[in-house]
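You will see subunit A twice below: alongside subunit B first, and alongside subunit C after that.
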Partner chain A sequence: MSWSKLHLAALVVGVLALAVAPAFLKTYGLYLLTLWLVYIVAAMGLNLTVGYAGLKSLAHAGFMGIGAYTVAIAMKAGISFWVATPLAVVICFLFGLLIGFPALRVQLHYLGFATLGFNVLLVLFFRNEEWLTGGTFGIQNIKRPELFGWSLNGNAAYFYLVLAVTVIAAAALAFLLRSPWGRAFAALRDNPIRAESTGVNITAYTLMSFAIGAAYAGIAGALFAPLVNFIDPSPFGVGTSLLFLLMVVVGGSGRFYGPVLGSAIALLLPEYLRFAKDWYLAIFGLSVVLMMIYLPGGLLSLKSTLQLAKSKRDAKLKEAAQ
Partner chain B sequence: MHVVIGVVCPLSSHARHHHFIENWRLRPRRLRCIRGTRFNAPAQRRQPRLSMTDAIQLLISGVATGAIYAMAALGFTLLWQAAGTINFAQGEFVMLPAFAMLIAIGLGAPLWLAFFIALIASIAILGLGFKKVVVDPMRTHGVIALVVATLGLSIGLKSLVKAAYSAEPHPFPYLFGEEIVRIAGVTVSYSDIGALVVAALMVIGLQLFLNRTITGRAMQAVAQNTFAAEALGINVARMIAYTFVINAILVTVTALLITPAYLAKFDMGDNIGLKAFFAAIIGGFNNPRGALLGGVLVGVLENFAGAYVSPSYKDGVALVLFLTVILIKPDGLLGTPQERKV
Partner chain C sequence: MATNPSSSLIEFKSVVAGYTHLTILNELTLDARRGEITLLIGPNGAGKSTVLKTLFGMLTPRSGEVRFNGETINGRTPRQLLAQGMAFVPQGRNLFGSLSVLHNLELGGLQLPRQVLKDRIEEVMQLFPRLLQRIDQRAASLSGGEQKQLEIGRALLVRPEVLLIDEPSIGLAPIVVQDVMNLLKNLAQSGKSVLMVEQNVRTALKYADRALALEMGRLALDQPAAQLLEDPNLNRLFLGGSAKS
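So, the complex of A and B:
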């Protein structure tokens, strides 16, 4: 069996395992599993921006908030979930372009600051514009959608919706990365100036990777609001955005399955270990520092890092032997 | 920061505001008017007309706050210049000395002694320790790895203080007292004047040190061109270590001045750190004087926007200013263009 077939088989087994999981889980476990998938969708988008295109975005939770609020407000106004979600995605995409444009005119690391500030502004907006967002009281009783007359209100039913969206979003991302666009993104990350000289329009591609990443956060937000039934500004703050970036890096930025691992470590475990959340985050944050020293490519790069170290050692031994 | 114009709620000091806002869920709806306005007067029923003396008051307290931002921004800029370090944990570097002082005061030390204890601990841990443990091993990994590491450090330190000490805001003694003076109809607080004077002395002193002493000039040489500086016989490693020490001093003084108004809280660094970044970039990332200009601009404009536009969006002013500046002058107001390296 070739590697790619093995990969495909593992993927099918993984998705099947997720598909039968609801039968074995209680309400809270299923909720956590659904939440994990939602965060994976968001983190996949950020992985495109950070890992493949090499941009630092620190407003990902904010974009997720835009998605969640758009869907919540639209559904409260009587608009269907199936209309509200594409709307949320488009709005996030446009906001991504809007914020990326001025920051990208200058040095790339400014984007980190611009997006961080944008997230602060978004939280202020969510908190202060009570007429629209309900302020700190948030929006309550967000209903789960129906599909062709089937109610997706049950926890398992909603889980399957989120699973389907996750698989589709992942497939779309895989397709995008294999297309010439994906190669352009990688070229951009590795050497922007060389990419430009070979005819890649770096401003356009950078903006696109940023805006597509934001759109993925929009999808995640749109799924998040009906999942928890209640939204307020707190889950969309700067702190969550920082965690998003860290989860992509910890999982292994620029690795397709990095977000799957990263979101489990950075968002799911703290949620599960609620009683010791602060201690967990303290240890997590400080371990990130250690990881950046010893394993800057993320957990999924462990194998290649070890291989590299081994080959270096072998080369040294060879040199010594000669 | 201490503007009390148009306050409807019977809470005049914004420190108390802050405290109430932290616990707003516990309060009856009567106090809803203060929700969401973190450090300022309530949004509703604000009197739109402000007089000239109000404007002067706003200017003075804005410059005072801005000078404090400038100190944090200055440390940030120096680290970037000399060591290529973007420190995303700069806000937490202000928060930690505040808690160190709080603990020392809790053990019975007077404020001045607490400050010196915090200063020494800060130089050892946030200055040299940070350099040795975090920055040095990552010298070869590039800027991005360090950015991520300091982000992790930021979350780790915040959560550590929250878990090990407290999640509540703690009052912090004013260095210059809470009294208010009236000069020609303009009301100013001692703490604003004091903060302004101390911050100005720090910044000017640092400028003199950098420009007039041999060590300071050597540090600038290292910042401009490390290889040339080394060729001239400058001890580069030592100069970089000095930079970290100076940053540690700056953040401790910043903590001393800003904590009475912000209250000591585990996440107090979020706001200060962000303002320091923006101030540094607005002024010019590669010019220490830029940090001062950027800090004061942010402080003053924030105060005016809070009073004349909307107190709720005060914290957004720095972002708008930042976006405007980088659209017009990408290297900051006082910065010089930097070459791109292939």
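So, the complex of A and C:
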């Protein structure tokens, strides 16, 4: 069986396993699984901006907040979830374009700080504009949608909606990355000046990488609000943006399945470390530090890191034998 | 240094350009003709690479006029110039090592319609059969000569009228340098123009039609390449002595 067929088979098995998972999970387990899918969508967007286009962003939770608040406010105003969600995605896309402009002028950690400032501003807006966002009291009783008269209020039904959106979002991203756009993003990451000399419109691709990444965060936010039924500014702070970055980096920045693995680790590992009680954060933190030292390319780089280590070892042995 | 406007493809007229507070080109006037390999030589800091960057829109002239095909191109972007028929192969390694040979080639023709791009890639493959054998290999795994072929091939995808190439021999074995120079010669013979910056002056002069020597951002000498190759002062000139003495 060829690698691509094996890959496709593994993908189908994975999605099928997820599809039957609700039958074996209790309420909290199903909630965690749904939240994991929401985080995958958000982290896929950040992976495009950071991993594929090589830019820095610490505003991703802020974009997710825009998506969540847009859906929550719109639904409270009587607008359908199915109208509110595309609206949230468009608004996030536009904010993404806006925040992409600093990236045309500054790079690396300077860009990181510029985006971080934007996230702080958003949280202040969510907190202070009480008339719109409910301030620190947040927005409560956000209902889950209906689809063709069928209620998605149940945990399993909502899980299937989130699963379907995740699969569609992943397929769209895979298509984008396999198109010339994917090549242009990689060129932008590897060397913008080189990319420009080959005719890549680096202004457009820089802005689009932020805008599409933000749109994915908007989708995640739109799914997040009805999942938790209540939103306030706290899940959209800089801490969550750092967590998203951690998901991308731990899984494997610039690798398609990196966010899937990274968000599983960032979300589920703390759950499995609960037995360690007060020590669980220390163990989690230490695991991440060790991984960054020995696997800076993320967990999905394990194979290539081992291959590189082997070829270096072989070269040394060959040198010693001469 | 009389120029013949009828055959000039590229013209610099009193161009002043540089980086932030540093002025490199000092009212530079020069031209490069159609169907010729024009070689830019001069000591380090003379402004050779700056000429190419200014021409390709990577630097905006502070004053003066840059013309291509009789049209003023001051302030145009690299993408606009590519569309107008100018391609640039900068100094050093210019490939995207993590991408395959095919994907690197595709990047050179992002603005082309899909089918046209496919046909052009086939054209380039005919020119560089070694690349065809390595089409799915990562660009970083190619030899130095193959990488240079790929860079030139990528630049040719847009069928440029003029190829700007900066130090093509850097990091290449002498035998590979010969291959690259022969390739440029063939391009010139097929009607394309080449404007080349090269430190390996003696080798490059053998293949060039015309040599322009820069000094302190000004044109110091304009001679047929073959004639300059015979000049006993060539080494002194290249190492920074006055070209006018």
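To be clear about the criterion, the second predicted complex is superposed on the first by the 295 of 322 C-alpha atoms of A that agree within 3 Å, B and C clash if a C-alpha of one lies under 4 Å from a C-alpha of the other, contacts with A are read in each partner's own complex, and residues count from 1 in each chain.
Keep in mind that, in the parts below, a contact is a pair of C-beta atoms (placed from the backbone, for glycine too) under 8 Å apart; a residue touches a chain by one contact, two chains touch by 3 or more.
These numbers were taken from a predicted model, which means no experiment stands behind them.
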item: More subunit A residues in contact - subunit B or subunit C; value: B
item: Partner chain(s) touched by A:151 [first = subunit B, second = subunit C, both, neither]; value: neither
item: Which of subunit B and subunit C A:140 touches, first, second, both or neither; value: neither
item: Which superposed partner A:183 touches (first subunit B, second subunit C, both, neither); value: second
item: Partner chain in contact with A:194 - subunit B first, subunit C second, else both or neither; value: both
item: Contacts of A:80 with subunit B and subunit C, given as first, second, both or neither; value: neither
item: Contacts of A:307 with subunit B and subunit C, given as first, second, both or neither; value: neither
item: Contacts on subunit A seen with subunit B and repeated with subunit C across the two complexes; value: 191, 193-194
item: Subunit A residues touching subunit C - in the complex, by the definition given at the top; value: 180, 183-184, 186-187, 190-191, 193-201
item: Touch list for subunit B against partner subunit A, complex; value: 24, 35-36, 43, 86, 134, 137-138, 141, 143-149, 151-160, 162-164, 167, 267, 270, 274, 277-278, 281, 312-313, 315-316, 318-319, 322-323, 326-327, 330-331, 338, 340, 342
item: Touching residues (chain side subunit A, partner subunit B) in the complex; value: 56, 102-103, 105-107, 109-110, 112-114, 116-118, 120-121, 124, 127-128, 135-136, 191, 193-194, 238-239, 242-243, 245-246, 249, 276, 278-289, 291-293, 296
item: Interfacial residue positions of subunit C with respect to subunit A in the complex; value: 56, 58, 78-79, 82, 88-90, 94-99, 103, 106-111, 154-155, 158
